[in-house]
């Protein structure tokens, strides 16, 4: 404690101020925060209700039309703990990931562009629109997962007849933090097709086999993962014991490399069977969950978050968390995380909650903002 | 030509003989053969009729029973051009690969062992037997593909009630050439199960997703690829233009790495639609084909090889080849090759046949040996 | 422009405010800044004079002693453009890297610890102290380069008799941005030696050969690169045409992998021969330069920065820059950058300055802060 | 034993003969040899005296001149146990490697070509000749090591004034076994220089640093390793305990990848200090030794092989071996092996000799052939 008193003495404060005026910094004072014993990023556990998101999206429908600019009609989730990052809170749902809900209406077009951020989409509502990625039109249906790693041209258009909504996830904050952001509009408003429609999902329609012409590694040989297949994978895997922390869970793969479909962002689909109660753990990576089906609750650092269909919530890195499906129907959670980034830098760690049979004591109840 | 005359002069021959007596060799004489302009290995194009194989396998049924030793009731394909490699022609169907047909009868057991050769199996007839690989019983059905890379314990047993036949393929000659052969019998006669039956094919039953507990790379996370899935992949891929050389073709994948399911041996399933006529090409790797369904012919270096269901044939490396399905039903060819080995050493090359619209002139007709 | 007017209309501003109150964000407004056409991070070109650094370090000498805590007597370079990142400006010299000058006095000990940040050191003054890394004492001399990738125990002690100063560089801001910071003090105050002194630099004393017992890949098989060897490499490379942008430049290697010695931070030593004038270029990665010997100037985005021995300066990502040695002696620049991070994420790009023979027009002159 | 009797019964023999006539093989009989418990390749331990090699090389000097053809004046070591491989015993010193001594006289030229075999050279005598590899003339001196991985143009010429002799080592038998041999003469007789002389060894003259322009991985960024540096590495490494099996040993590196300088062939230089007696071990890979300096003996599978300067000897895979320097001067052994191939296929294993303090009982004495 003598050290602490000294560090807060006027002598030290004055010296630190002198340094600051010279654009210098005192490691001795900064080290407890910059080299913290465990990760701290300011991100907080948080939850957004679907009802709120839907309402604002429907209002945006009237205001933001493609001919008025803005590229996309998307509302992103802003983690309150990371609001102060300039500009725009870096679009942080977590320290590295941006997540949004996007609405496209029949007849609209979201122009093609490409950038150094990687993107993925999960279709939550509607059908009939397509993403065109690298010349391939991928027609989207509920539950489909689409991956668009960095550098690929992509745009959206909607020849169908009902509004479509999906979740976007990109590594915008991470690439922004690196200073690696490059963005380029397509010379055409929307890229014209150069491959057959749904070429890649139809070519990879079976199990773990690959068209032989795809031997050369590609960043996204398979652009869209159809819900029908994901669902059947979960069904089959449900014959076995669920994972104590994650239930019945699969991740989307790049068949060129065996890595996650998107090199920087893991995407998982988990089923929590009716009545399933997971055990708590924590890990370095942060996760954004979307409740695709069902309802239940998660305990995050002791606080209870209730969720139901359509909601989004965030589990920050190194926060204890467990999920309960207290209902009588299976719950399905789609999630994205920065696990591949953590692994690539050797900082991923995991711990199981050591006490009380793996279950946290509930010390609070989260109240989401509503309209 | 003066050089050639000199090289065959008595002076040179005498000097070369002196070297040979000293266990030395003359590069100047050996170079045209050892550093040939294009690959030459002695392997010849060849075909074995199913009728012949079946007959001998049925005879072997009476003679070789598990209690009489020999580990496996398997008859291998001996490439006549590689017969002189000692011992046992190295078991060469091609310079690097061994291929055999194996018969197991109800009630029999083929003991568990492990070795530094990698193995794969393709089930051609029957059902009810299982391979037990690393504690997992994989029950086999027609069309299934099983991979057993080096180092994994494996054995077979047959609790069912009809004879089962499959194709084995291993890199026996390659590992023998390296001097890398290690072999070890299992302490138990047959390894006891330690995982649920068909655990891996059931966990990977859907599309290109992976149970999240399998993030750590494994040599064979998926042990068996069910025919039902392979078939549906071919169906779906059939919606697109077939490959000019290989028709509608898929390869089996390791979902950990995106590499071939077996690290040293590629395994493909190809459909040649009724009436399909491929264009000729040649490549460094050698291929062993099994006619799973249908009939047709292949032209290999100008010689016509007719094939029908159950036959096996070999296309040596760098031999021109094209396949024709002249019938009215789709043909299905299962094949194995040493493509991964060639790629790993940077010696894989490919050329399309440059003349006559990609079709060779037929200069001969192969007569298979029959009983 | 109509779009721009609309985006700044009261209707949009109001809607955006409503979103902010709900912890949501408007992509349509944020996209120009978050998905900028070219990297922007706020970091600015900057220069710190050695005289200023030296003076503050000498003052710190009286105030911060090992027994008063603070782990290290180090003053870090705070990029003024990144001051607002909380806490402590993330210790940012660049968006991803921290850099500091550290002073250790005879008889002092800086305690052993380990962390998920990677560190490197470049010795600028004095001799006699050692770093102990993973049980190996590395005695330091001027010009030596030391690498301490994440996870290795390290501490410093000074049995010699004159003050020692070095430059530290770590990826503190990058790992902080990820939420991947873990830190652990060593159970002993200072780790006891478990290998011979200077074991690795003595084992790798020659050229590009490796002790055969080091075949297994290691994160830091060679802990210290002696100045004598670096110098002789530069001398030998000086026989050839210098690189137009970087002069005579070498990077420090990990002999296990051929990658940069430190996996996340590139470290280079460059010689700008007397009179050498480089051509301008820009690239995604950011660089921190230390003037080890000589003097000259750099033009960064049109502003002239004069430097002399001991100074530090920063070239942010995507800033045009060129270096001139206008003196009569060779200049030596040691530098660190986040190039390996950029490459790992596929965002590294480079452009040569296209106009005026590669030379920028000088539009300003940087005035460094002095005491 | 009942099994064995049955396997040698007339019934089995007859059946096996029938199979052979159908170009088929009996796994039950072949398995003990093809899937042997431990590696067996037929290669035997062997030694060639320098006096013998030198004499034949000098005789060849009169007979084989460049204008009479044959590409190179090289005499290769033929392992007697692998003589029967057709053609030309595959040029086998070991199952995978070819080794030869080559002589070039002042004024001669060995034409440029390229091929899919990888080559390396170790200079044993003379100076003044150069290899020209990919446009770079590498002037050779005693003790230099040169690497020429597959695909690079290479030729030799001798503008100097004394005969030069070196050791060649290539993976001729291995690539031949694969069926991967491609060979191409250069359009010019000898490739003209396109880079400065000795460009790469001069650019990499220092320690473990790399010119920054060499960041992109290359198969052979450094073409020649100068003896002066290898020697100084051995001297420095000699300050530490020698390896019990290999003495003071270093391997040559590719600075792009940290792998062996030649991707398929390891090259080592070992010093056995005066009086040094190693402990026996065995491993999957096979080794070819050249006695660069000194004399001593090796015990291989119980047989004693005496060697002195200039001799060559082979330790086959999985043979027990130990080396003794019984003299009063340090011995230097240059060696090449197929260790990288074994590692790439996961078949490398190593065992220390478990008995008698690590020393074999000597049961025989090898008598080399002499003239």
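Letters A, B, C and D mark the chains in the order given here, with residues in each chain numbered from 1 onward.
Throughout what follows, a contact is a pair of C-beta atoms (placed from the backbone, for glycine too) under 8 Å apart; a residue touches a chain by one contact, two chains touch by 3 or more.
Worth saying up front: this structure is predicted, and the values here are computed from it rather than measured.
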| item | value |
| --- | --- |
| Chain D and chain A - chains in contact with each | B, C |
| Reference chain B; chain at largest CA-centroid distance | C |
| Whole-Å gap between the CA centroids of chain A and chain B | 43 |
| Mean-CA-position distance for chain C and chain B (Å) | 53 |
| Separation of chain B from chain D, taking each centre as the mean of its C-alpha atoms, in whole Å | 31 |
| Touching pairs among all chains present in the structure | A-B, A-C, B-D, C-D |
| Sites on chain C touched by chain A in the complex | 3-4, 6-7, 11-12, 15, 18-31, 33-43, 46, 48, 52-53, 56, 59-60, 63-64, 68-80, 83-91, 94-96, 98, 100, 115-117, 150-151, 172-184, 264, 284, 286, 316-318, 338, 341-342, 344-349, 369, 371 |
| Footprint of chain D on chain C - complex, ascending | 196, 199, 202-213, 215, 217, 222, 225-226, 229-237, 239-240, 243, 246, 249-259, 261, 268-270 |
